[in-house]
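Multiple structures follow.
Shared chain: chain A. Partners: chain B in the first complex, chain C in the second.
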Partner chain A sequence: MKYLRLEPKRPRIGVFDFTSCEGCELQLANHEETLVPFLKAIEVVNFREVSSYKGEDYDIALIEGCISRDDEVGRIEKIRAQAKVLVAIGSCACFGGVNRLKNAYNLDEANKEVYGDKPKSTAKVRAIKEVVKVDLEIPGCPINKLEVERIVQCLAFEVPFNFPVYPVCVECKQRFTTCMMEKGQLCLGSIAQAGCNAPCPAGGLGCWGCRGPAPDHNFEEFMTLAKQRGFSEKEISERLGFFGGFEGRR
Partner chain B sequence: MSAKTLTQADLASLVGDLVAAGTRVVAPSRTGVGPLQHLDYREIKKADEMTLDAGLPKRSIKELFFPPTEVLFRWKQKKNDFELQEVETKFQKTVVIGARPCDAAAPEIVDRLMNWDYKDELWNGRREATTIVALACDGQDKSCFCTAVGLGPDSTKGADVLLVPVKGGYHAEILTAKGEALVKDFGKRFGEAKSADEAGKFRETARAKVEGNLKVDPKPIRTWLDGHFEDKYWGEIALRCHGCGACASVCPTCHCFDIVDEPEGIYEGARRRNWDTCQTGKFTLHGSGHNPRGTQNMRFRQRVTHKFAIYPRKFEEILCTGCGRCARACPGGMDLLEILSDIGQMAGGAA
Partner chain C sequence: MLFKTLTKKDFRSLVEIILQSNEVIGPKKSGTNKDGNPIHKFLPVAKFEEIDLGYQTTEFSPKTYFLPYKENLSTYRFENGEWEQDIRYRIQPRAIIGMHACDINALLKLDKVMARDKFPSPYYVSRRRNTFIVGIDHEPAEKCFCQSVGADTVTHGFDLFLTDLGDRYFVAINSDRGFNALAKVDAKLVTEKDSHDYLAVRAKIQNSFKTKVRIDNLPNLLDIEFESDMWKKWGNKCLSCGSCAMVCPTCYCYGVAEHVSMDFTKGQKVKQLHSCNLVDFAEVAGGHNFRPTRSSRLKYRYYHQHRGFVEAYDEPKCVGCNRCGTVCLAGINPPEVIADLQAEGHGP
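This part shows the complex of A and B:
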């Protein structure tokens, strides 16, 4: 394992957006405290929020957003062909995100509702992995810059990286945040993937599961507990469907 | 061992004396607002911040010796080299006032592990700097079971001084050299002992109250655990468990940790020791991807077995002080009293 005494590599990175709010890209340019060393550790080849230079010789492609139009398919396939490593960043890229709610409606009706008599091309929302091969997924809405830094540091020094394999509950315990369920709110913390450091419960909001399901989560017990506490099937189902990470479990 | 009397007024003055002498004083104190108000061990500056008559604090005193996260050293990458920065291993003198006996006992149990093959400098440094003035308990609620693990609401284990409530103040038992030193340094606050009988009655009543909660013998439980690693009892034990780690974080004796390098930017970072728990899958996940404890049932079996068989086998101590916090904190309603009672019955039946 190369580490510490060795000069790190500078991975050549391209950042691209599909159907999304570009908030995750903005996250990459956040955390000013370490922004300079962060941009020094990588070589930005193509990232329109950071540089006007548009190169095509990137090794790692970071993809934000989901695929919701047919013309996006060709573009993602081209990026896949160029990139040695393709990383999906954010809930939209990983699960379809909030955009996935569209799939619950008739596409023509949705089109009319949004664009009126000027309809646009539209398709069922798909996560990036439903269209091309994805090598790594960094979930979150938005992604957590500190986590991205950890991943980039690991890539640059060729050190293995692991996501936490426990639910958000564990991070609330670490922060001594009072349980949201105890406060009477619905919270997906016990089944959602940790790694965000549980900012929502700490700020008084139950977890919405933007990072998708935790490995080995106890879904049955979560449902029992949520129902015991008076939340309806509909409420729970809406919460589970919000970011698309729990597709198939509601 | 000697005994003294400490009146309410003298205890309040003692807090003032200690703070004035530059000692950190930690005591049960009310914190939070409205329905979230609760009792926790916190640093206090004045005696009126201390609440000694409102039962067991939410969390134990574990984090005074073993913080949830602590830096072991920091590193900085410099081109082809790196720089290390060590951490301070000297700690501020601390007196804990009003530690419940279940909390006072816990660090002494964990001392065995922290000094077994490797002497843990950070743990020992904090332990040496701290004097524990325990307060005999009158039994918190139905989840208390200290008497079932060989302790009691008046147990002196791990305490330097034990205060037993009597009319107008406390009957103080001075138990260790550290306790003697405290009495010597602040002699004017301690009077002649005169309420030993009254203190004895308080202790008897409290014991009787807690004993009613759980009647099991830890010895046959240990034997049963040793012989029943594979048993149908473990098959569905964790159906209610979310793997949230609440039990481990409130437990005064759970001490497992993970050591990780955490970046603080790109070219610098810290090696940290963080609380960990056997209740998450990551705890035993191998680099190969294989996990020898692949299900929550296996992880829960580990929790019970480590506390009541593995640790006793290695150190002749039960890794549990019967504080009952795990049962109170569990969102799913996993109840250690229920489990010990089940195992106790199975162990009794087999004998």
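This part shows the complex of A and C:
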């Protein structure tokens, strides 16, 4: 189907998961209303959640999850070598995600806590970009399928995609959600990257910053105003560290 | 102006008549804030009881019913090498009950931008013309400074405007629509006592403003203090979150994006309100950003409110509702920013 007399290209896509819950992959297979045209707009070369076919000649690799075991390093390097474009999808791939919380503990102790007397191979959690070159990051826990659709459309016509530059506040206001800070909750919305359409505050939960910091976010003022409102440094630090997007800023 | 009075019972009947054939929007209590104070929003109501006319302010302005945050400007479809476009203006009748004078004055300002210039916006005009507006006087909230910007009184831009006289409303009628609506209930002719009581209530309102902002000579002062350090001081606090513009009853800046369907057969042009405080507001093709700093963006926000708009329309864009000051997590508010600017002007 031509659009404005242009024939869209069908990006050859492989989807791969590392340490994660596979929820972002599931998001790719969600939004049934447009699932058929979505899968027509791309060529699925390797995506175990939607197809048993396992090809190796993909151009675009979508990577879910972080690197938390040494054996994952070789696998991601191999995918990087094959892919023309490597896209990190979800907070785990972009920042390490909730898995990154492990880094605050002694690895052996963490291993014992989780696996008891049957320890598994484990390493410090790293985001994909800390291991191989990443061409595009689609943050979110999980990713927003509608945003992915727009990105795929841009890939199909080889035009640039722009993420919103504003923080979550704009999206809360645009859906008439009362400010969570006004309600007395801690909320990272004023410094966190939008694009999710602010579902958490709409559901009564302050933002946890799963998409990481917004461009030009005002971290210093945020810390000042959060403390003024009575939130402890520990509480703020825990919130900032939850998805790993604010690593180095707490 | 034509005036009548209406008992509260008759006003209720009037709203119920309006409800029969219109979507009705009114100030609704939607929760409480951290200090236990009520939060109101202009929302659709199904029953008269849902409207709380005693509200002080609303978190969002009723602007959204005239300039929605997101609006589909055009839908187009491609087929067999041809394309067709479908443009729809919102024409369904709607009534907004309980708008304060500041918000009606805000509409009058938007009218100047959207409805009267060489290129009126049919999207705005169709919504404006098909909205029946019932305004109401109120005692100013602590931070309201609408009086300082001449927006505490309104003489047009509405259909009916109520002033609460205790047992009855004093009603100003500003349209044939309003007149005809009042004819459906038992509106009374105004007596001398009614006029007297109305003027007494108005005088009380006019004397109860606690927050005052001097705006005389602001356009010149803004030019003189263009390089002032006070912009850095306030700019350093700004979160660039755009909340001020989102809740402002007169901010109208927007962007337009193309949303294409996943099967590439149709698309939409979608308008979305933007804010001059957002980092890409003055970014142009090629990547240059004319306002890369928070302080420059905040400064130009005040410039548009109190200088640019004055130059174009002989009045400030601000109506003194202080929603921006209330919503701002960093505490940036017009009375303090303007006072700071004036203090600079009096400096050495």
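The working rule: the second predicted complex is superposed on the first by the 247 of 250 C-alpha atoms of A that agree within 3 Å, B and C clash if a C-alpha of one lies under 4 Å from a C-alpha of the other, contacts with A are read in each partner's own complex, and residues count from 1 in each chain.
As a working rule, a residue touches a chain if its C-beta (ideal position, glycine included) is under 8 Å from a C-beta of that chain, and two chains touch if they have at least 3 such contacts.
All values reported here derive from a predicted model rather than from experimental measurement.
With the C-alpha superposition on chain A as described, chain C and chain B clash in the combined arrangement. Using the contact criterion defined above for the overlaid structures, shared-chain residue A:C179 touches chain B and also reaches chain C. After overlaying the two complexes on the shared chain, residue contacts for A:Y166 are found with chain B and with chain C alike.
In the superposed model, A:F38 makes contact with both chain B and chain C.
Judged by the document's definition of touching, chain A residues 4-5, 8, 34, 37-38, 40-41, 149-150, 153, 156, 165-167, 169-170, 173-174, 176, 178-179, 181-183, 189-191, 215-218, 220-222, 225 lie at the interface with chain B and also at the interface with chain C. Of all residues in chain A, those touching chain C in their complex are 1-5, 8, 34, 37-38, 40-41, 149-150, 153, 156, 165-167, 169-170, 173-176, 178-179, 181-184, 189-191, 215-218, 220-222, 225. Chain A makes touch with chain B in their complex at residues 4-8, 33-34, 37-38, 40-41, 149-150, 152-153, 156, 160, 162, 164-167, 169-170, 172-174, 176, 178-179, 181-183, 189-191, 215-218, 220-222, 225. Of all residues in chain C, those touching chain A in their complex are 30-31, 33-34, 39, 41, 43, 59-60, 64, 69-70, 78, 81, 236-243, 246-247, 259-265, 267, 272-273, 275, 278-280, 294, 327, 329-331. On the side of chain B, the complex with chain A involves touching residues 32, 36, 59, 68-69, 75, 77, 79-82, 239-246, 249, 262-263, 265-267, 269, 274-275, 277, 280-282, 285, 287, 295-296, 331-332.
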